[in-house]
């Protein structure tokens, strides 16, 4: 009986959604298995963490108040009085940071395995776009609790945008919604964080996943192994196992180290010492601090910003620049470039937190 | 096939348990909490008309107490209520129109200045804004 | 041979001034800057002097003619040279005790310093012919005089203990007057010094706030309490109503000082009350007497309350460290703190009923905080238990998945 109803329901939806076609696709799809296939997990973990972000973000919206008088208080209420509010917010904040870290790992593993080569150029480019989008998520979300650290970090961050040549002043005002951080800024960041970015990001994620699904996983250059496992259920199960382990990790950090509320932002207070943006911006931030004021009569800070923009563009266009990989040949030059970039990011991030005065 | 069914039951059971472990906090989070209504807008010190002239009220400002005074002339004044001597909470004295710290008889006027007693520094004063029905207190800009 | 005094050096210096060719300006300063030692120091220090800032120069105190660069002409009839030590108060008082003269510079400045000085112990001894006592320049400097508002001035609040201590902490000098020399050291150990030096609280009392400045005189035993009441009026009022007031007057024990001491006034702790060593009560009350028992009871009341407050704070801190938000409870703890401080102050009045009532109020408030603290700790435990449960669920799920994955592999191998 139940089976019959189930079959009838399936038939009903199958006729409208072409479920059996999807099922056939999923049934046929395979994933290569070789010595490097461990790195495939990071894409799945990223997707899982994005889901966690959406879920906890939706829940936080229930109690968060996007006003400069109420924001900090509402976070305090979420952390102290709403049942399990501390958990939801800590999961949101912690998994957001873990997500950025996983995205970096995912990106660099893709880079070193040269998975961006033809025909997966667009997968790489949408992926890079997603990293930028999630960093924007981080930047806009950081201000929302309206605490001292986030307030001043936002000020420093937007000042950097403001020092861009030509459009700097205009850009800063557009970001802040006025000449300085105010209610307009909070409204804007809130709107950006919960409305604009999610829509854009979900769209790009859709394209990214569609590309991954239709093109399949890339096999690194020179890997002869031909073993493959079915995507469903084998690969999905393995992915899920990874997600569970990540969940356990998040649970432990959230219970033992709930995300702090901090002191409420006071625009008139002196800037606290050693103000830093979120850790994933520090490699750029510290570069700006370390670069000399003038490099060959060009302002150092502007040079660094332009350098990062150029570097970003290079990174974005790597699939088209790496001609050897496109022909399935090893391209050690790009491996070296990737190693340099990774080392640069790691070293500057580490010194930001270890060298006193940075 | 016995092993297969064991694994499936095991899998289904732990999946259900996990789902319950996740749904419980989410449900508790969504369901209304009693304590919420009271403490949300701590910067709203009082309602208009709540304070008769020459009376005052202690309210919570951030993590510290502050005092809102409606003077005999009907002026609204807000100050930090922690005495600068040994951080006791001061109270308004209607007779003299001053703020008085009971611990060591420190006395402040309504501009926060020390009138007598041991307090070494004046009380911080805040800005008062009447927004509709609510008296809102904010740090001075 | 007697060492030449400052004054005689001054005079000799003037006689031996080199006839440098100086056209105009202040020839006193021009020449003195070329000299050595104290003669040069006077001219250099004058650049910072408040008198100079008011447009006064050397001649306004010392006379002479600064317009000429001839030493002999400069030292004309009006030249007064440096005053002898015993003449210094009148030397300065020539202007500072003259309201008409002072009005031209700073009309609000008092002009009674000289009168006050003559009433001080320093002034009295100077009149009696003792030139070693402090005169104006000992506390204000001679040529680098700065107002008490200037943080580097010798009379700025946190420099005053050192200024007075230059003589009063000098054991040999004080011994010749049969005076103790430990006051500076005692003061440095006091709660007042901590406020002044560590908290930079300029309203905290330095030497002059209790002893006066120009009219410095050791306060009489009976008047010390008046001095303390300047800042601690409530303790004074309570004390005046207490049975101690009459008793202390009878035995001439003074008031505040009898329990709190004088220069080394430490932050009072509960140990000051009670029947054990370190208590002020046992100075007069015999063991076993009614007052002795009351003191012990008072001590235990306060201690119990204080330790309850402390342990509530510890509980809140612990919950805070475990990540539970406790700002609400901390806010309540502030009330308890208020009651504790005022209950301690009430001990000056010795009204046991009043003290008990304050402590009962406090304990009621404390119970709320303690409950909040326990609730927060329970919440922390609940979170950890919840984590264990959720982690077990997840671990089981992970194990089930791992089994499923293995079975899939086996099936694939088989086929």
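Read from first to last, the chains carry the letters A, B and C; within each, the first residue is number 1.
Keep this in mind: contacts are C-beta pairs under 8 Å (C-beta built on N, C-alpha and C of every residue); 3 or more make two chains touch, one makes a residue touch a chain.
All values reported here derive from a predicted model rather than from experimental measurement.
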item	value
Furthest chain, CA centroid comparison against subunit C	A
Chain nearest the global centroid, as defined over all protein CA atoms shown	B
Cα-centroid distance, subunit A relative to subunit B, in whole angstrom	37
For subunit A paired with subunit C, centre-to-centre distance based on mean C-alpha positions, whole Å	56
Of all residues in subunit A, the ones touching two or more other chains	81, 87
Multi-partner residues of subunit C (at least 2 other chains)	327-328, 386, 390, 394, 397, 401, 404
Set of subunit B residues in contact with two or more other chains	25, 39
Subunit A partner contacts - residues on subunit B that touch it in the complex	25-26, 28-31, 33, 35-36, 39-43, 62, 136, 138-139, 141
Of subunit C, residues touching subunit B in the complex	195, 201-204, 231-235, 237, 327-328, 330-331, 334-335, 337-338, 341-342, 345, 386, 389-390, 393-394, 396-397, 399-401, 403-404, 407
Interfacial residue positions of subunit A with respect to subunit C in the complex	76, 79-81, 86-87, 229, 233-234, 237-238, 240-241, 244-245, 247-248, 251-252, 255-258, 261
List of subunit A residues in touch with subunit B within their complex	59, 62, 65, 69-70, 73-74, 77, 81-85, 87-88, 264, 266-268
Subunit C residues within the subunit A interface of the complex	323-328, 383-384, 386-387, 390-391, 394-395, 397-398, 401-402, 404-405, 408-409, 412
